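Okay, so chain A shows up in both of these, paired with chain B first and chain C after.
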Partner chain A sequence: MRNSPFFHFLTLEFFKERKKHIGVIAISLVILFLLSSVLFISSSIRYSLEQTLEQEPDFVVQRTQGGERVSVPIEWTDGLLEIHGISSVTPRVYGRYFFKSKEDSFLVVGVDFMDEQSHKALRTIMDETDLKQFLKGENMLVGEGVSRYLKAHFYPKGYTFLTPKGAFKKVHLFKVLPKESNLIANDMIIVPIELAQEILGMSEEEVSDIAFNVPNDDEWENVEDKISSFHYDLRVVTKNDIKKAYENLYNYKGGIFLILFLITMVTFVLILYQRYSMVYSSERRHIGLLRALGWSINDVLKLKFFETMMVVVMAYVLGVALAYFYVFVLGAPLLREIFLGGVNLHNSITLVPILDFGILSSIFLIYAVPFVSAVLIPVWKIAVTDPKEAML
Partner chain B sequence: MIKLFYAVGALLLLIIIVMGVHYILGDRKSVSDGVNAVAGLTRISSPSFSVAYCEPRIGGVEEAVNIAYPEMMPLDRMDFVYAK
Partner chain C sequence: MIDDVMIIIENLNKHFRSGDALSKVLKDINLEIRAGECIVLKGVSGSGKTTLLSIMAGLDRPSSGKVLVEGESISKLPDLHISHFRAQKIGMIFQHFNLFDHLTAAENVMIPLIPAGLSMDEVNQKVQKSLKLANISHKTQSTAGRLSGGEKQRVAIARALVSDPAIILCDEPTANLDRDNSLKFIDILGQLHDMGKTIVVATHDPLFDSLPFVSRIIPMEDGSLVSTVPNDTLAES
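Then we have the complex of A and B:
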């Protein structure tokens, strides 16, 4: 390749026109960087959430009233336990608690620490000595966002909750949950189930919803039908629904990102097409000269194709690499806020490096094909005209 | 110019290699362990988005229909057009 005159001419041509190429590479780089960053963040969050699906219960039974979720009577668990094939029936208690004149809210989650599964999970978070101490008094585990918020409002060791009944409940801050769990636990306060019921104003006979597993997958539809016929105001949420919801989270195929990307791409192609269809007189003369020297139309197109591909590949690699560095090394400052929201507590998550090669190749194709055609079509139009006319 | 071309090519290749090494060595386990520990304890895996009080914190499921006693299907959803 090194001795090939064509290759030699191509590199000469490429570096001679470097000013023009740098301009195009810069515009492409910004577009590719933004698009890749958005897709990297969304695929990373989706990956982390999908990892938790194993911990998710197979079914959750909720009660609705006027389209809103309301508390479920605890006696519904007895009905569930009677159905053959159901295991790990766990009542869940959770709800939002307001701080500071209703400006910010936290998610209070009640856990039955005596339950075997919860106890086992708690052991992964703290060692045996801590566990005994934790279960002794009224303690809470909080997410990093909650801890930061409480410290900023002078509650470094605990907080006194005001229950809906007007009573005060002092709870000691026992431990902050690991930073790695921020994706789901940033605004979480984990307390014993009875304490959560008190804080959220529920009676002992009420829970938020009931979770359970059905180990035999073939029984899922049957169990769903059976449970749905128990009550009129009951809603069954399956693990598949949750999985589907995670798959659709920031789905670039149907979301606002695709619309934005299409608008940007079309604008970019229009600019390029206009730029190349106007074709400067020097460019026209250059193509005409090559044709007059005996280059065939194919040779001219080949030259322009490789020149454009060099620009495309350079912009693509730089754009994607810059996005990778920005998202997975720097943690995507600013752009991350669009995904995580900023109305309540500030969340700072660790973005796991995930590269979806399907998405990467789609970006390349969506970017390269219109770009190459926006350049080659005007070049071909000039190349097929008479060299004399082209050089005028 | 060929030398310069090779230099640019080598630089791009180096960028790809550095990215690949970072990707392979990236710590995925500690994040998934941390998230799984809390999800296993609470049995809640809903993402902690910083949403307003009026927005659901535990969300993601839009269907509010009991399959045994379906309410009137929402008409604005294109359910009639696309099969589920």
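Then we have the complex of A and C:
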């Protein structure tokens, strides 16, 4: 390749006319950086979600009255246990506890620590917790966001909850949950199930919902039908429903960015198209002259294709590398707030580096195809006209 | 060699349509140019000499009639063949030199050789030889944009010669040169004639009226060849 006059001329043209390319590379870099950052963040969140939801139960039974969720009577558990194919039936207690300002809230989760199945979902985030010690007093495990919030409000060691019945309940902060669990546990407070019922104003006969598993995937539909007819105000939520709900939340945010990206990309492509079409006569003269000097249409297209590909590859490598650094090393400041905002406590999750070929090739195609087309179509249109006309 | 016909132009017409109006630029041109001949197309601006030259070079297509070069009609050749024809057979020198200002003299000269599939060494050898022939080898590494008009013209000549074409076509070659540089250009043209190149010059410059190596001066007027005047007759008058 080094001994090829074509590639020699290509590099000459590219570097000697670098001023012409710098602007295009700079705009491309910004577009690619934004696009890659958005895709990196959303894929990283999706990965974390999948990892987290892996631990979730297959089904959750809730109760609705007048469209609102209400507590579920604990005796429904017995009914569920009678259905063939169901395992690990676990009543769960959780709900939001509003801090005194009423602006911020925690998710209080009650766990039956005596039942191994009941805290299976939380096993990964509670791995190193000494349960014996934890159950000795009225203790709580809190997410990182809760811990930070309590410290900022001068409650570094614990918090006194005000129950709906007007009683105060002092709970000691036993441990902060690991950072890796922040995507779901950032604003979470884990307490024994009885304590959660007290804080949330539930009786001992009430729970928030009942979770269970159906090991045979083929039975999911049957089980769902059976349980739905079990009680008129009963609602069944599957693991897939939860997954979809989370994905919709993050996809909608990513979607806004993709629309913005598309608008920017269309504008950029139009500028490029204009640049290489009749509006800019220097490009026309350039192409016409090459044709006059014996270059065929294919030779001209080949030169412009490689020239454009050099711009595309340069901008792509730099844009993706910068986005990777921004998202996975710097933690995507500003953008993460947009993606993870909406939860009431500041979330400091670590974005897990995910680089799959699908994402990288999508970024390349979304960017390169319109870019190369915007250059080559007008170049081809000029190249097929008579050189004399193009040189005018 | 003089007796071999290099270019035959038969019943050539060129017209442009602008709305309903039809503008006839070339009208029924018939001309034969022998190999090794140097002919001058003379005429005022708009007489059609540049268009005729462009059609001979394969840069433009006639509306009717045909151009045969070495017996082959170039008027309807497909792109790949006409490009090959331009690269191999034609050396074109333009009025405004048409150099790539950001490239050096040597880089400009190499452009016609790039699609030829030669190695870099072969290209460099041909470029150096051509620059030497055009007497501009001392400016090999100078950027074209920084050269004087005369130097640019010599780089354009080197570029036209680099493929060793049989035909050299010059469009108003001295229009942007002072008298000294015009005479230098004519001197190089004389050398090319001695090398056996077929030369066609489109000009209105009187310097070309009495050159010893010009075999014919063909006046053009309003898109037509007025008459073919042998150079010795013109010089005598």
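The working rule: the second predicted complex is superposed on the first by the 355 of 392 C-alpha atoms of A that agree within 3 Å, B and C clash if a C-alpha of one lies under 4 Å from a C-alpha of the other, contacts with A are read in each partner's own complex, and residues count from 1 in each chain.
In the analysis below, contacts are C-beta pairs under 8 Å (C-beta built on N, C-alpha and C of every residue); 3 or more make two chains touch, one makes a residue touch a chain.
Model, not experiment: these values are computed from the prediction.
A.B. asks: Can A:Glu17 be said to touch chain B (first), chain C (second), both, or neither?
C.D. replies: second
A.B. asks: Please indicate which partner A:Arg291 is in contact with in the superposed arrangement: first for chain B, second for chain C, both, or neither.
C.D. replies: Only chain C; A:Arg291 stays clear of chain B.
A.B. asks: Identify the partner contact of A:Leu234: answer first if only chain B is touched, second if only chain C is, both if each is, neither if none is.
C.D. replies: In the superposed model, A:Leu234 contacts chain B only, not chain C.
A.B. asks: According to the stated criteria, A:Thr163 is in contact with first (chain B), second (chain C), both, or neither; which is it?
C.D. replies: Touch partners of A:Thr163: none, neither chain B nor chain C.
A.B. asks: Let me test your reading of the model: by the given contact rule, A:His8 touches which partner, first (chain B), second (chain C), both or neither?
C.D. replies: Once the two structures are laid over each other on A, A:His8 reaches both partners.
A.B. asks: Which touches a greater number of chain A residues, chain B or chain C?
C.D. replies: For chain A, the partner with the higher number of touched residues is B.
A.B. asks: Taking the contacts chain A makes with chain B in one complex and with chain C in the other, which residues are shared?
C.D. replies: 2, 8, 12.
A.B. asks: In the complex formed with chain B, which residues of chain A make contact?
C.D. replies: Against chain B, chain A makes touches at 2, 7-8, 11-12, 14-15, 45, 48-49, 51-57, 64, 67, 90, 92, 94, 96, 98, 102, 105, 107, 109, 111, 117-118, 120-122, 124-125, 143, 145, 177-188, 190, 211, 224-225, 228-229, 232-237, 241-242, 245-246, 249, 313-314, 317-318, 320-321, 324, 328-329, 340-347, 350, 352-353, 355.
A.B. asks: Using the touch definition from the top, list the residues of chain B that touch chain A in their complex.
C.D. replies: Touching chain A: residues 1-2, 4-5, 8, 12, 15-16, 19, 22-23, 26-28, 30-53, 55, 57-69 of chain B.
A.B. asks: What does chain C use to touch chain A in their complex?
C.D. replies: Interface residues on the chain C side: 54, 57, 59-61, 79-80, 83-84, 86-88, 90, 92, 98, 100, 102-103, 107, 110-115, 118-121, 123, 159, 163.
A.B. asks: Write out the stretch or stretches of chain A touching chain C in their complex.
C.D. replies: So the residues of chain A touching chain C come out as 2-6, 8-9, 12, 16-17, 285-286, 289-299, 384, 386-389, 391.
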